[in-house]
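We just call them A, B and C in the order they show up, numbering each chain from 1.
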Amino acid sequence: MIDVNLIERNLPLFFEGLKVTLLLSALAFACALLVGLVLVLARLAKVRLLPAAAAAFVELMRNTPVLVQMYFIFFGSAVMGWPLTGFTAGLIALAAQNGAYLCEIYRAGIGSVSRRQAEAGLALGMLQRQAFFIVVLPQALRKVIPPIANQGVMLIKDTALVSTLSVMELMYQARLIADRTAAVYEVFFTLALFYLAITSAFTLAMRVLEWRLRVAE
Amino acid sequence: MSIDPPAAGARPAIEIDGLSKWFGQHVVLDRVTTRIASGEAVVVIGPSGSGKTTLLRCINLLEEFQEGEIRINGAPIGYAVGPDGQRRRKPEREVAAMRAQLGMVFQSFNLFPHMSVLRNVCVAPIKIQGARRDEAEARAVELLDRVGLKDKVDAFPARLSGGQQQRVAIARALAMRPKAMLFDEATSALDPELVGEVLAVMHQLALDGMTMVVVTHEMQFAREVADRVVFMAEGRILEEGPPEALFEAPKSDRLQAFLKRTRAGYLP
Amino acid sequence: MDVLINNGWLLLRGASLTLWMSAASIGIAATLGLAFALVQVFAAWPLRALVEVYLFVMRGVPLLVLLFGMYYALPYAGMDIDPATGGILVISLYFAAFMSEVFRGAILAVPRVQWDAGRALGMHGSALMTNVVLPQAVRTAGPPFINTCIMIVKGTSLVSIIGLWDLTQIGRQIVERTLAPFSVFGGVALIYFFICFALSLVGRHLERRFGYVH
């Protein structure tokens, strides 16, 4: 019943899509990690308004669908006369939304590092900033690798949404193939396998990272 | 050895004048005044809640205090009085530079768990004093050798016993070439059989002429090592003097009762 | 702003479909999730393995892929199912995996000694669960449960891609006519925000009310 030949013939197209999906995932994940860090620094800053502004941004991002954010950026940029590609619009929305989630993950991690650790740094003569970056943050990041990995998986899966902005990633290619060949089962089965492979490989890589950076306890 | 000898006959290394601290109604430190000379080992004893740990933490400004002055080598720490007569906390950089001159050893060790033993000892000299990496590492190895842990340079703190961790913590503090060392109940969190190895390191440090303020429950250590013992209760210094005088002829009722209880084997 | 007022009725219709699909999906996903969690904790290994495989697939495949699978494959299989019902079904099955994680974590977070204390009193099986374990688990499950509910509300926006007239789809249609993406999608986002933020306020309230001080 399953036409293996058909899948095989269309594999090059799947791989074309895979490349775009991987590129978008990697870029968006890197940006989200950075956005999350900037947001958490803003949330913890002792400057007036900055923590509140960061918190508001985080709430806004976490409580609206990433798909609507993508449309907002994509169609919005077009009307502004600065049309962004679907790829770029998707990248921005994914980085913003996942950055907001990562901000909260980092914050929980930082909160879980004992106050005494920062004190030990201060007692050695570190500035607050040094104690944070040398002592607290590295420990916090190690502790939150598992939730970061979960968030990364969500991000990878959400890259499928940019297919609605005509970005030719995995999902988009699969739909084209399905429309052309009408081999619905084969195409969606293969597509699901591709995503399972990406997310599993990513999860595995994060496990290895966690194991290598583990704070022996 | 690599510890800078204190200049003989210099003015007191640490001067505490009328130090008071309170939380609302609750007075934690009440006009504490004392002098700690260069090279002197001072042991602070007293029941829990007497303010001895808070006193130690005030000396390197991990705690704020409301009144009085602390001077390190003559320079007042922490606060400056502005032209308007208002007392203000000094800028962070000055506070940090002052802290770098004082080594602190905590009850809970507080080693950095994500760094190797070697890195724990040399990270501060490298990041704060701008020491060259190879020099800082060589010195770290030397200090670890001194506390008997040369073979543990590449281990991570979690792999060490409490006694070993605390000895690393001492080496870490010494790496900054402090002018004085503060010990905050350094052996209280240790299993009884590990206390000795840490006290031995502290004893050697005192023999080498390090200026030390030691808060401890180890009366035997106070007797043997202290140049002077300070007895605190309810935020005040009630009695101070050479160990023989305090332990053999306590004047105040509080100290007599305290010593009786510790001798009877109860934790003070 | 005028765009939003002029199309208020349409937006309201979209919002009502979004709310209805969210509520139905939350109900089904939570029920399934609890069942999966109980299987994971208590059932014999073949059943447990089956659920594990199911969870692995749901966590690794995008919701959009599953929705399209349903949209394309069901008619093919000769099944005539209304897309809204199909959407609710797929969303429920997908988020049941996350719900199961929430409940499993909460059940396992109940300290071992509590189970032992219950057993020492002679309880076992469902009596132990309903009297000792679940009442405590419910408290820890509160905040992550609300988070998953918010994810479900946001997740329903994907049904716009398979042609359902939910809030997101209505927004797209209005933008096609009016060419005012900022105000329309801004307004749409705001409606989602109110729904989700209301949920997170409920979550915060629950956390304060039932949260243990650790």
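As a convention for this text, contacts are C-beta pairs under 8 Å (C-beta built on N, C-alpha and C of every residue); 3 or more make two chains touch, one makes a residue touch a chain.
No experiment lies behind these values; they were computed from the predicted model shown.
*Asks:* For this structure, which two chains have more C-beta pairs in contact than any other pair?
*Replies:* A-C
*Asks:* Which chain maximises the distance between its CA centroid and that of chain B?
*Replies:* C
*Asks:* Need the central chain here, defined by C-alpha centroid distance to the all-chain C-alpha centroid.
*Replies:* Of the chains present, the most centrally placed is A.
*Asks:* Where the centres are mean C-alpha positions, what is the separation of chain B from chain C, in Å?
*Replies:* The answer is 55 Å.
*Asks:* When the C-alpha atoms of chain A and chain C are each averaged to a single point, how far apart are the two points in Å?
*Replies:* Measuring from centre to centre gives 20 Å for this pair.
*Asks:* Taking each chain's centre as the mean of its CA atoms, how far is chain A from chain B in angstrom?
*Replies:* Chain A and chain B have C-alpha centres separated by 46 Å.
*Asks:* Within their complex, state which residues of chain A touch chain B.
*Replies:* So the residues of chain A in touch with chain B come to 114, 116-117, 119-128, 130, 134-135, 138-139, 142, 213, 215-217.
*Asks:* Tell me, which parts of chain B touch chain A in their complex?
*Replies:* Residues 60, 62, 92-93, 96-97, 99-102, 104, 106, 108, 110-114, 123-124, 127-128, 156, 158-159, 172-173, 176.
*Asks:* Can you tell me which positions in chain C touch chain A when the two form their complex?
*Replies:* Of all residues in chain C, those touching chain A are 56-57, 59-65, 68-69, 72-73, 76, 150, 154-155, 157-158, 160-161, 168, 171-172, 175, 179-182, 185-186, 188-189, 192-193, 196-197, 200.
*Asks:* Under the touch definition given earlier, write down the residues of chain A that touch chain C in their complex.
*Replies:* 59-60, 62-69, 71-72, 75-76, 78-79, 153, 157-161, 163-164, 171, 174-175, 178, 184-185, 188, 191-192, 195-196, 199-200
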